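Letters A, B, C and D name the chains as they come in the text, with residue numbers starting at 1 for each one.
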């Protein structure tokens, strides 16, 4: 294995670690939808970006890397946008937070 | 992978086809019926694609024209070309279905089969 | 081997999704399950070695979701649809009928599995070898699927385009139309935040460029007219998301669609039916490439206009009229 | 590389459970968005393993179409619930 591959595997491992930690956030008991959204979308965007960067390093300077960068740009714009729109739609439709343990959202 | 004599790519589309058929029998919501018809179409398309390809086949696109490929590792292009047109036709049929549903809803103000049928029989009764 | 195992796991998830759809109680749950179902379906197509079909399914799933969700929003907005659904959900199920239906369907499924010959008898035919090893000389390009639907079986494409025209005409004649909504350039009722508009402004040009790329590379790599057309139509959807104005001329788009359809018929007559691209001469490959790109471009325009008309018809014009207008709209429709 | 593929496939299961049992419709929508993200990673890794660059086009179209579908579902469902809430107040 060359140095390039080892570096790419380390970066992809970091991304996968992020995603696996995100599952704990998704299944916290006594937490509501806004908490899950806050955890899941950030973790997801970061994980996808990290894995994409790892793959780009693995392939070096090629046509494949250019397409990965295009996908990264699209994901960077669209994934937070989707999180924003889902949260805004839930808030506007009157969905109220049901957190009872003191750190609930105040709106 | 095969189950008995039958390949996985045959048994799963057949299962989904009959599951959606069962759903068409038991459900009374028209929107759900349209979705289930789309499901049946999807399963038929997957069955057709499984006719000419096996799992892990490479697509019939030759980036390097001079290289010689083993034909048994390439997916069959004919079902793909047929199914490409079938998908577009399917969405056109779905659009017409939804338009007809809108017209029905405008007339009867419901999306359930049963009340709609009752109202329709009331309409067709001759005036005495 | 790993890819085969991946696909088998996805197939199991696919069937589970279908069962969710059948037993879902609310209509919006059906919509979300259907979205997940389409997403998984397109990946299975990809692993079967069919990237063109997979891309078509991915683009179609977005449009199917939009059509369904607009339709559901229409009948939910009146409230009576919701009441009807609640009433039907509150009724107790007849378990005898349920079991009888299940037995009937299981019997049909068993009959089908045991008496229909397996597909391994049909796979790997000689026709496939003919297509795979002759298409570069006969039609040109590097993509066998494009070569089949633009060369060997061009009649299929012609009738598919005819069917799309028919569908658009049928939708327009069956749905309710108000001329003033288009003329006023009215804004949509759905609110958007400033962040949505900003992000969509970044994504819009990328989608348009990507659609051009798909159409131009349709004969060399995966892609082609249908998928490029879907990308163009997604660009128009994004434009609606940014501006939210119903000011685009639908009637002109319909005229253009019919014009493009006539061109789709004329071009193969001059290129294929006269044998023009089959001469093995000096410039054959150039002519073949010109024919393929032009045909892909026309098909893409056709699909883009068709979906554009369908989308605007659903989103903008087809509004549920008030109670007094209901009867009137129906009288217009039936004449 | 196949390890990454296997982990992504395993991650489909909890998000699928979230789609199935989610208490509100917004949880289901969130699960759908996350599943779309995982599948994009699966496609990218498949393209990288099999060295077929043109599969990246599929990933781009997939990202755009899946996200636009999600955005439309969210916007229209919020409109519906808002209108219903207003009717309840009236």
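In this text, contacts are C-beta pairs under 8 Å (C-beta built on N, C-alpha and C of every residue); 3 or more make two chains touch, one makes a residue touch a chain.
Source: prediction; values computed, not measured.
A.B. asks: Quick one: which chain's Cα centre is the longest way from chain B's?
C.D. replies: Following the centroid criterion, the farthest chain would be A.
A.B. asks: When the contacting C-beta pairs are counted for B-C and for A-D, which pair yields the higher total?
C.D. replies: Result of the comparison of B-C and A-D: B-C.
A.B. asks: What is the distance, in whole Å, between the centres of chain A and chain D, each centre taken as the mean of its C-alpha atoms?
C.D. replies: Result: the chain centres lie 12 Å from each other.
A.B. asks: Centroid from C-alpha atoms only, then distance chain A to chain B, rounded to Å. What do you get?
C.D. replies: Spacing between the chain centres: roughly 33 Å.
A.B. asks: With chain centres taken as the means of their Cα atoms, state the distance from chain C to chain D in Å.
C.D. replies: 19
A.B. asks: Quick check on chain C: which residues sit in contact with 2+ other chains?
C.D. replies: 3, 31, 47, 51, 72, 196, 203, 221-222
A.B. asks: Among the residues of chain D, which ones contact at least 2 other chains?
C.D. replies: In chain D, the residues touching two or more other chains are 29, 50, 54, 57, 60, 64, 70-71, 75, 77, 80.
A.B. asks: At least two partner chains per residue is the criterion; list those residues in chain B.
C.D. replies: 58-59, 61, 63
A.B. asks: Could you list each pair of chains that touch, in label order?
C.D. replies: Every pair of chains meeting the touch criterion: A-C, A-D, B-C, B-D, C-D.
A.B. asks: Report the residues of chain D in contact with chain A in the complex, numbered from low to high.
C.D. replies: Result: residues 4, 7, 11, 14-15, 18, 23-24, 26-27, 29-30, 33-34, 37, 40-41, 44-45, 47-48, 53, 56-57, 59-60, 63-64, 67, 70-71, 74-75, 77-78, 80-82, 85 of chain D touch chain A.
A.B. asks: Contact residues on chain A for chain C in the complex?
C.D. replies: Those residues of chain A that touch chain C are 70, 73-74, 77-78, 81, 84-85, 88, 92.
A.B. asks: Residues of chain C touching chain B in their complex?
C.D. replies: Of all residues in chain C, those touching chain B are 1, 3-4, 7-8, 11, 14-15, 18-19, 21-22, 24, 27, 30-31, 34, 37-38, 41, 44-45, 47-53, 56-57, 60, 63-64, 67-68, 71-72, 74-75, 78, 80-81, 84-85, 87-88, 97-98, 101-102, 104-106, 108-109, 112-113, 118-120, 122-125, 127-129, 131-133, 135-136, 142-145, 147-149, 153, 156-157, 160, 163-164, 166-168, 170-171, 174-176, 221-222, 226, 303, 306, 310, 314, 318, 320-321, 326, 329-330, 333.
A.B. asks: Can you list the residues on chain C that touch chain D in the complex?
C.D. replies: 2-3, 6, 9-10, 13, 16, 20, 28-29, 31-33, 35-36, 39-40, 42-43, 46-47, 51, 54-55, 58-59, 61-62, 65-66, 69-70, 72-73, 76-77, 79, 82, 189-190, 192, 196, 203, 207, 210, 213-214, 221-223, 227, 230-231, 234, 237-238, 241
A.B. asks: Please name which positions on chain D make contact with chain B in the complex.
C.D. replies: 50, 52, 54
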